[in-house]
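For reference, the structure discussed in these notes is given below.
By written order: A, B, C and D. Residues from 1 in each chain.
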Amino acid sequence: MMSNQILFAILLLAPFVGFMFNGIRWKSHNATLAGVVATFAVFVSFVCSLLLVSQLFGANAVPSVGTRFFEWMNVGGLQVQAGFVIDHISAIMVLVVTGVGTLIHMFSIGYMSHDERPSKYFAYLNFFLFNMLLLILGENLLLMFVGWEGVGLCSYLLIGFWFTDSEKAAAGMKAFITNRIGDAGFLLGIFTLFFLFGTVNFSEIIARLPAGGIEMGWTGPMTVACLFLFVGATGKSAQIPLYVWLPDAMAGPTPVSALIHAATMVTAGVYMIVRLNPLFLMAPNALHVVAVVGAATAFFAATIGLTQWDIKKILAYSTVSQLGYMFLACGVGAFGAGLFHVMTHAFFKALMFLGSGSVIHAMHEEQDVRKMGGLRKYLPITHATFFIGWLAIIGIPPFAGFFSKDEILWQTASSPLGHKALWVVGVLTAGITSFYMTRLMCLTFWGKSRVPKETHPHEAPPVMWIPLAVLAVLSTVGGWIGIPKVMLGGEDNWLERWFHHVIAPVPEALGHAVHSHALEWAAMGVSLSFAVIMACLAYTFYVSNPSLPGRLAQKFHGTYRLIYNKYFVDEFYFARIINPLIDASKGLWAYVDVNFIDRTTYVLGDVVRGVGSTAKSFQTGNLQQYAMYIAVGLAVTMFLILR
Amino acid sequence: MGKDVFEIVVNCVKMLLIFLVMVQLVPILVWLERRVSAFMQNRFGPNRVGPLGLIQLLADAVKFLFKEPFFPEKGMAVMYYGAPIMALIPGALALAAIPLGAPFHLEQFTWLGREWGPYDFIMQGYDFGVGIVIVLGVSSLGAYSLLMAGWGSSNKYSLLGALRASAQMVSYELALGLSLVGILMVFNTFSFYDIIAQQTGMPLTFNFFGKVHSIAWLPNWGIFFNPLGALIFFCASFAETNRLPFDLPEAEGELVAGFHTEYGGFALLMFYIGEYGHMMVASALMATFYFGGYTIPYVANESVANWVSSGGLATHPNWAAFLTSLIFFLVFLLKVFLFLLIYIWVRWTLPRFRYDQLMDLGWKTMLPWALFNTVLTAVWLAFSHRPV
Amino acid sequence: MLSSADFLFYFLGLVSLVFGLGVVLFRNPIYSALCLVITMISVAGIFGTLDAWFIAGVQLIVYAGAVTVLFVMVLMLFDLKHEMKTFSKGVIGNGVKLAASGVLLGMLGTYIWATYATEPTFKPLPAAATSSIKATKDLATSLFTTYIFSFEVIGILLLVIAVGAVTLSRITGGTHHAD
Amino acid sequence: MPINPEAWKVGLDHYLYLSSLLFIFGMLGVLMRRNVIVILMCIELMLNAVNISFIAFSRYAESTNGQVMVFFVMTIAAAEAAVGLALAVTVFKKFKEVNIRFFEHLKG
C-alpha cells in the first residue's frame, strides 16, 4: 500500500512529468505520441485522486487526507508549508478536474492531430493541469496563489496558441492583463487575511475566526478581505466587471476552451469562495455583493448570448452566465449548491464545448452558426451528445443541470441571505438560457442546411466521440447526487451529507430559511415551465419561422444593437479606463519623469562617474599592481589578526 | 637509530653495484642488438673481433672514449653538459628502487676481530614502501635530459626532437601509470616485496564468485590476472624509452639524429646508457609485476635455499643466504634479458609510426583501454569475492 | 647531535631555498624552470622526511614530471632567451612590494617562533603507522569517504580545464583582432 | 646569541620557516617578474611552500587530512598551469612576447 505522500506526489507530478516530456521535445510533430503521453499522465493523476478520495468514504472515513512535503518558507511570522489536502470540497474539484481533464486530453489527440506544434500544445495543457492541481490541493492561500498564477499563465499561452494570428495573440494578452487586475485584488486579500489571522493556511484561518463575530458593516476587516478576494474571483471567473476576457478567450483551440474556460480554471473563483465559506459567512455584506454581481452577470451575459452568431461565443457567454449562477449561489450562502453547479456545469459545458469542437472540426474551422444547420444527419453522435448537454443546461429533469440550477434558485428564494428579486432574475436568466441554447441547437443541428457546398462535414473519429459519450452519461446522471429534499420525501440527499462537515450553515443571526414544500414545488414548476416555453419559442423562431428573428431585430433596432455589441462594455473600458490611463501615463512621463526622476538619476550618475574616475586610477590593468594590493592587504590583515 | 658502519658501507656499495650493473649491461646489449638484428636480416653482424665478435664491444668503448669532445658554437654549456648526466640519473635511481633478488639475513659473525650483525639486507638500492610510485616519479624526470640536450645544442633538429620526445613521454606516462592501476588493485599494495610474495608458489589461484579455483600447471603470475594491463604497459614502455616503433625523437629521416645530433663520443654513449637503462627498468617492472619478479616458477623459494645449503655449495649459513639471493638475482636477470630481447626483436620488426599516429595511439587508444582495464579489474574484484 | 634525518632536512631545505631563489632571480626563464624542477625534487624529498612517501612520489610524477615539463616545453617553443626587462620597473612600486613581502615574512617568522618553537618535535610514529602502505591506505580512505565530494568536484574541474585549455590554444589571434 | 644545540633539532617550526621563506620567494617572483610564464612558475613555488606546511602539520597532528589537502592543491596547480600556459600561448601568438603588461589589453 502506497503512503498518501507518495500518492500525492504522483498525483501532482504526473502532469508535470508529462509537461517535461512534451516540453523537451516541443519541436516534434508526433501528435499521437504527445497526446497519449499527456493523456496518460492526467489519467494517472485521476487514478491517484480516486485512491485518495476513496479514503473519505466508508466506515473508516477520515475528514481529510493531507500531506506536507517540506517547509516552503519561514520568514518572521510567515510560515508556509508545501502541504496539500483533499477534503470534501477539494475532492469534488480534483475528481472533476482530473476526470474531465483526461477526457478533454483524449479529445485533443483527435482535434490537434493536424496541428503544427502538438507537443507544445500538450505540454501547455499538462502544465495547466499541474497548476490547477496546485490551486485545488494547496493547503494554504499562497500555494493556491501559485496555482492561480500558473493557470493564468497557461491560459494566456493556450489562448494565444496560434499566435501567428495577431488577433488571437491579442486575445491572450487581454485575458492575461484582465486577470492581473483580479490577481492584484486576490493578493491584497491574502495580505489582509495574513494581517488579520497571522497565517495563510485555510484550516488555521477558519479555526481562528472570531466566534459569533459577524461583521454587519462595510468597513470591517473581514468584509474588506472578502471583497478583495472576490475581486480576484471576478477576474479569474469572468464576472462583472472583469468578464470581458472570457469571450475573447475563445480564440484558443476548442478543447482548451472546454477545459480551461468552461470546466476548470474559471470555476477557481467559486472554489476559492467555497473553500473560505466560514469566512465569507462572517461578512454578509460581502456575500450580498457576491450575490448581486453573480445575478447581474448571469443575466447580462445571457442576454448577450441571445444575439451572437459564433458558436463558441454563444457558449462562452453561456459560461459567464452559468458562472454568475454559481456566484449567486455562494452569495446567498448556498455554497454546496454552488459547488454542485460547478460540477454539473463542468460536465455539460465541457460536453457542449467538445461537441462544438467536433462541429468546428467537421466544418473545417468554421465557427459561424449561420453557415451551419441541419448537421444532425452528418454528425449523429455529436448531435446526440450535444442534445443531452442541451437538455442539461436548460434544466430538464432528470438531467444534471436541472438539479443544480433548481437548488440554486430555491436557495436564492429561501435562504435568509437571498431575495425575491434575485430569484426573479435567476428564473429570467434560466429562461433566456433556454432560449439561446435552443437557438444554438436549431441553427447548428436542426432546420435546413446552410452549409457551403465545398464543405463536407464528417463525423469525428472515436478518440473524439468517446469523451463526448462519457461526458453525456455524466451530464445525465451527474445531478442525481443532489436530488432536492422534497423529491426524496424530506430526506437529506447525498450531497448534503457529503458537505455536512465542511460547509457551514448560514448563521442564525442572519435570519431563518423559509421551509415550505409547496413553495419549493411551485418555484420548481415556474422555472421549469418558463424554460420549456422559451425553448419552444426559440424552436418556433429559428426552425418553424426563420424570418421572424430578423424582423424582430429590425423592430427593436436600438436594443438589438446594444446587446449585439455586448452593451459596448469593451468600448466603454477603452474610452473611460484604458485610454485615460494611457494619457495619464504619457503626461506623467512628459512632466514628472523628465523633470524629476531623470534629473535625479543624472545627478546620481554624475556622482558615480566622478567617484569612478577617481577609482579608475587604481585599476590600471597591471596585474602585478593588483598582486601588490593583495600582498599589502595580506600584510595588513595578518598584522591586525596577530597583533 | 644510528646505523652500523658496515651497513652503511654495504648500502653504498649496493648503490654503486646497481649503477655498475646498469652500465655494464649496456655493451652486452649493444652487442646483442647488433647480432640479433644481423640474424634477423640474414647478415653476419660483428664477428671478426674475438669469439662471436665479443671483443668488438671493447673496441667500440675505446672508440667512444677517445673521440674528440666538441661543443656547438652557440650552445649553452650548462645544459649541453648537464643533459647526458641527467640521462643517467633517472634510469639508475629507478633501477635502484626495484628489488633484484630476495632479501637475505646475515647471522652475527666475527670479522677483523669484531662482532658484526645480525643484519637484514635487501637486494635493492632503497625501499620506501611505495615502490612503484617512486619509480614512476623518478623515471618521469628522464624528459629533462632530452629537453636540456635539445635546448643546449642550439640546433633546430635537436630542439624539435626534444620537444617531440618530451611531449611523447608526458603523453605515454599517463597510459603507463594507468595500466599499472589494475595490477595494483589486484595485489592491493604498492610494495614490490608484497607483490612478488603474492606471485610466488605454484598453482594459479583465484577467487571466482566466492569460490577458490586453481589451475595446477600455471604459475601464480600477475599476467594471468591482468593481461590487458600488461599489454598496454609493455606498449607504452616502448614509447617511454623512445624505442622503435616510437623513436620519433631521433627519427633519422626527418631530424638527423634528434636531440643528440650535436653529441658525440662519450656524451653520446651516456645517452645510450640512459636509453638502455630505461629499457632495463621497464623490463624489470614487467618482470616484477606480471612475471613473478625474482622467483622461479614451479619452484618454491624455500627449496632453493634448502638446495643451496644441502648441496654443499656453502657451509656457513651467511654464505648460503648470500648465494641463495644471488641465484634469485640471476633468475631475475634472465627474465629481464628475455624482455630486452623482445625489445630488440620489435625494433627490427615494426616500422616507425607517424607523429600524429603516435599521439592518437597514446591518447585515443591506450588511455581509454587502460581506463577500461581499471574498471574491468574493479568489477572483477568486486564480484570475485562475492558468492553468487 | 644531528641525526641523519635532520641532516637530510637541512640539506634538502637549503637546496630548495637556493634553487627557489634561483627561480626568481635567473634572467633566463629556462634556467628558472630548471631551478624549479630541482626545487620540486627537493620538496619531494622533504615530504619524504615527513614520512609522506606517497605524496612525495605524486609530487615527482605530477610536478616534476608533468607540470614543469610543460613549462619548459612552452618556454622552448617560444624560443625565449635572455630577457631585457626581467623585473618590473618603478622605485616606489618595487619598494612597496619588497616592504610588504618583508613585513609578511617577519610577521610569519615571529608568529611561528612565538607559537611553535617551544613545542616538542615530532613524536615518533608507531611502527605500524610508519609503514607507507598503511599511511597510503589511510590517505585513500579519507580521500574516498570524507572528501569524496571534493574529489568528484576536482574531477569535474579537471575536465572543464582540459576543454578550456584546448579551446584557448585553438584561438589564433591575440586579445584583439589582428588588423 | 648562544647557540643552543637543541634548537638545531628539526621540529615543526623548522618546516614552517622553510615553508614561509619559500612562499615569500614565490611571492616576490610574482610581484617583480615580468614574464608570465615565470610568474606562473613562482605561483607553483608558492603552492609548494604551502604544501610543505600542510604535510608538516599533518605529520605533527598525525592525521591524513593535510595530505588530502596537498592532493587537491596539486590537482589545482596542474589545472592552473594548463590554463595559464594556454593563455600565455595565446598572448604570445599575438605579441611574440609574454610580458605580463600585455594582459592590460584585456581590459574593456
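Throughout what follows, contacts are C-beta pairs under 8 Å (C-beta built on N, C-alpha and C of every residue); 3 or more make two chains touch, one makes a residue touch a chain.
All values derive from a computational prediction rather than experimental measurement.
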Would you identify the chain whose Cα-based centre sits farthest away from the centre of subunit A? B
Using mean CA coordinates as chain centres, what's the gap between subunit B and subunit C in Å? 29
Averaged over CA atoms, how far is the centre of subunit A from the centre of subunit C? Could you give it in whole Å? 68
What is the distance in Å between the mean C-alpha positions of subunit B and subunit D? 34
Averaging over Cα atoms per chain, report the distance between subunit A and subunit B in Å. 82
If I count partner chains per residue in subunit D, which residues reach a count of at least 2? 27, 31-32, 100, 105-106
Which positions in subunit C touch two or more other chains at once? 54, 58-59, 66, 70, 77, 88, 97, 101, 104, 108
Multi-chain contact residues (two or more partners), subunit A: 624, 628, 631
If you go through all the chains, which pairs of them touch? A-C, A-D, B-C, C-D
The residues of subunit D that touch subunit A in their complex are 27, 30-32, 100-101, 103-107
Residues on subunit C engaged by subunit D in the complex (per definition of touch): 1-2, 5-6, 9-10, 13, 16-17, 20-21, 23-24, 29, 32-33, 36, 39-40, 43, 46-47, 49-52, 54-55, 58-59, 62-63, 66-68, 70-71, 74-75, 77-78, 80, 83, 85-88, 94, 97-98, 101, 104-105, 108-109, 112-113, 116-117, 119-123, 125, 129, 135, 138-139, 141-143, 146-147, 150, 154, 157-158, 161-162, 164-166, 168-169, 171-176, 178
Sort out for me which residues of subunit D touch subunit C in the complex. 5, 7-18, 20-29, 31-35, 37-38, 40-42, 44-45, 48, 51-52, 55-56, 58-60, 62, 64-65, 67-68, 70-72, 74-79, 81-83, 85-95, 98-100, 102, 105-106
For a test of understanding, state which residues of subunit C touch subunit A in their complex under the given definition. 88, 93, 96-97, 100-101, 103-104, 107-108, 110-111
Interface residues, subunit A side, partner subunit D - complex: 619-624, 627-628, 631
